[in-house]
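Structure incoming, see below.
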């Protein structure tokens, strides 16, 4: 490790600031996303109407856009919210759920990328492989295969688009184009429940809300690393307490709530390398 | 206490009648609202299409309107359902979630108030402070500050609009304009999960469904007090069983289901004062 | 029993194939439906936009349509998805939630039946009584009464429309018009939570995805019997572990995940009779 990342300090700052996170997320996970943010110590709000998304986004500390159950109306709303946030230097994370599965998801993701200045692009390995152009595939909304040379392609994409790229999986990758972080916490139970990836997206938003405006890429990469690590360390605790995927979910919120800065720093498994 | 309120008797009546409750609620909480009503002993139905909301509302014992994730289409549907219910002397409770956070929420809440003869207006302390005009603020959908003189303003608003006003918080306030009830049950865990307030709104509807038509304000205030008290006493049990906010949710439904009339009467902490 | 149905073998096949199930389901249950499919060993995807439902349906092993919170837009989308699936010989199960409660649900169900070649029509006893024309009634979305002669009418309907008909209840009935299966597993807790019926619909889709194309009615009936039996046996386990309806839900997912082919075969309570 070339430099130490104090994840626990990030966690403390989130809890002190209790940032308001504006979520435009999918119909499947709204409840667990809200509960994950509350358990972390942030304040979730969901708002979708074109009539209010710009105003709500500007009130928030960060905005999380997730196209898991996209419609043309939702995509248009996301663009309104995302642009309003970006203009006010409020960070925006975008999760192109299921991109590559259908033409429409491909088209919608491209439109959002073109219209909204993003802080973080986050997906599973299959989605990000697809986005950064190294193949890879998704099946519905799950990663099926990851493209080869993903790390390098992510870093190049981050530099080209001036954003942080996050790919989740057995190992999670985070890069700002200069550094690539490899994160090894987590548990296989996360792949046995719906909404794991969507909760991570929302948590990244909560940590981005702590960055100093205008946010620097390097700091937003650290925020993303801290968010994923808190979530994954909590998941490890929850997996030990749970008997299956059903009991894992409530244990995950308990563990997120109980997570201490010391605990997460002690258990964090991070590696950073030059991109 | 100037008169005894037999909360347990109300609970028994709900369970005997198993009222059908038509919910038009937000995307975040539909599942927990349905489960809370089932655990209580009521029968939930969610219906949103303009083509059916009037018919569904008229089949119900009461209607719960919640604007947590409002859209123009949903607001129009709520007005259709609310008006149809009111015409058939079916009680309507309205929860102006997040009112005050954006212009659009303000406008939508005013439109619903103007168009639908409500039985109960229910929100958190910030929302109700805003509605009754004593300041107060919300942040996203959470109460941030409560206005001073809230109690008096609520009572005046109740008299002016001839409805019951409910403000939830560490202490819950219920008034029909003549009496102000102060309820002291509950647990801090309720603020650590999403949907607490929305579940209360739905439960109030279930108790309103037991009132004799045409419902009197005083009786509807008692119904609201009974609903909140059942929910909050169950929350106290759940908090003792839970290790965190995640395990609190399933415990809350278990406790609501297991709650006995005797138990709730023994544990109820109510105070009523002249408004 | 005239022939043995190896439910465990069906379960093994689902887990080996991990079929992608395209769900167009209601707003109340999306999360639990996704988690039930994951716990079983299938891969859920939810997609609603007209722009992508045909493509997504054709990628899936089966499609589950559920009109619990129907709108004209959703109904039109279901017809697009259902027709695309049927043309590609992909099985479609349809759950006419709350049919009979309102005129609009009646009309929407008839439109879907007329437009989409269904593999399985599945509802609770009240809904199916209504659909097959023997009276019966629903209250909101719950069965209130079941028509007399339901079994015979279901078999006749199955023969006339060349599909499998499933009616859930204390006993579940499944028929392809030739055989009527009577299933006696399950637990009363299933009626105390929201989404039981919707999860069964999704699980039937997962088992239909295993049938050889073009699917034969007799095989699809067996798939339905196997799906319901796996779910109900898991529910029996969960009920023993749970203290109430709240803790029952996580236990249900744990039990579905842990269910072994041997266990389900040993505990299955099936009877098949000539229609």
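For reference, chains read A, B and C in written order, and residue numbers begin at 1 within each chain.
Simple rule for what comes next: a contact is a pair of C-beta atoms (placed from the backbone, for glycine too) under 8 Å apart; a residue touches a chain by one contact, two chains touch by 3 or more.
If you're wondering where the values come from, they're calculated on a predicted model, not measured in any experiment.
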- Chain copies touching (chain A, chain C) - same or different residues, decided at half shared: different
- Message: What's the rotation angle, in degrees and to the nearest 5, for a C-alpha fit of chain B onto chain C?
- Response: 120
- Note on the structure: Rounded to the nearest Å, the gap between Cα centres of chain A and chain C is 34
- Which residue numbers or ranges of chain C touch two or more of the other chains? 27, 31, 249-250
- Which chain C residues qualify as touching chain B in the complex? 26-29, 31-32, 68-72, 98, 101-105, 139-142, 192-195, 242-247, 249-250
- Item | Contacting residues of chain A [partner chain B, same complex] | 20, 22, 27, 30-31, 34-35, 38-39, 43-49, 51-52, 55-56, 59-60, 249-258
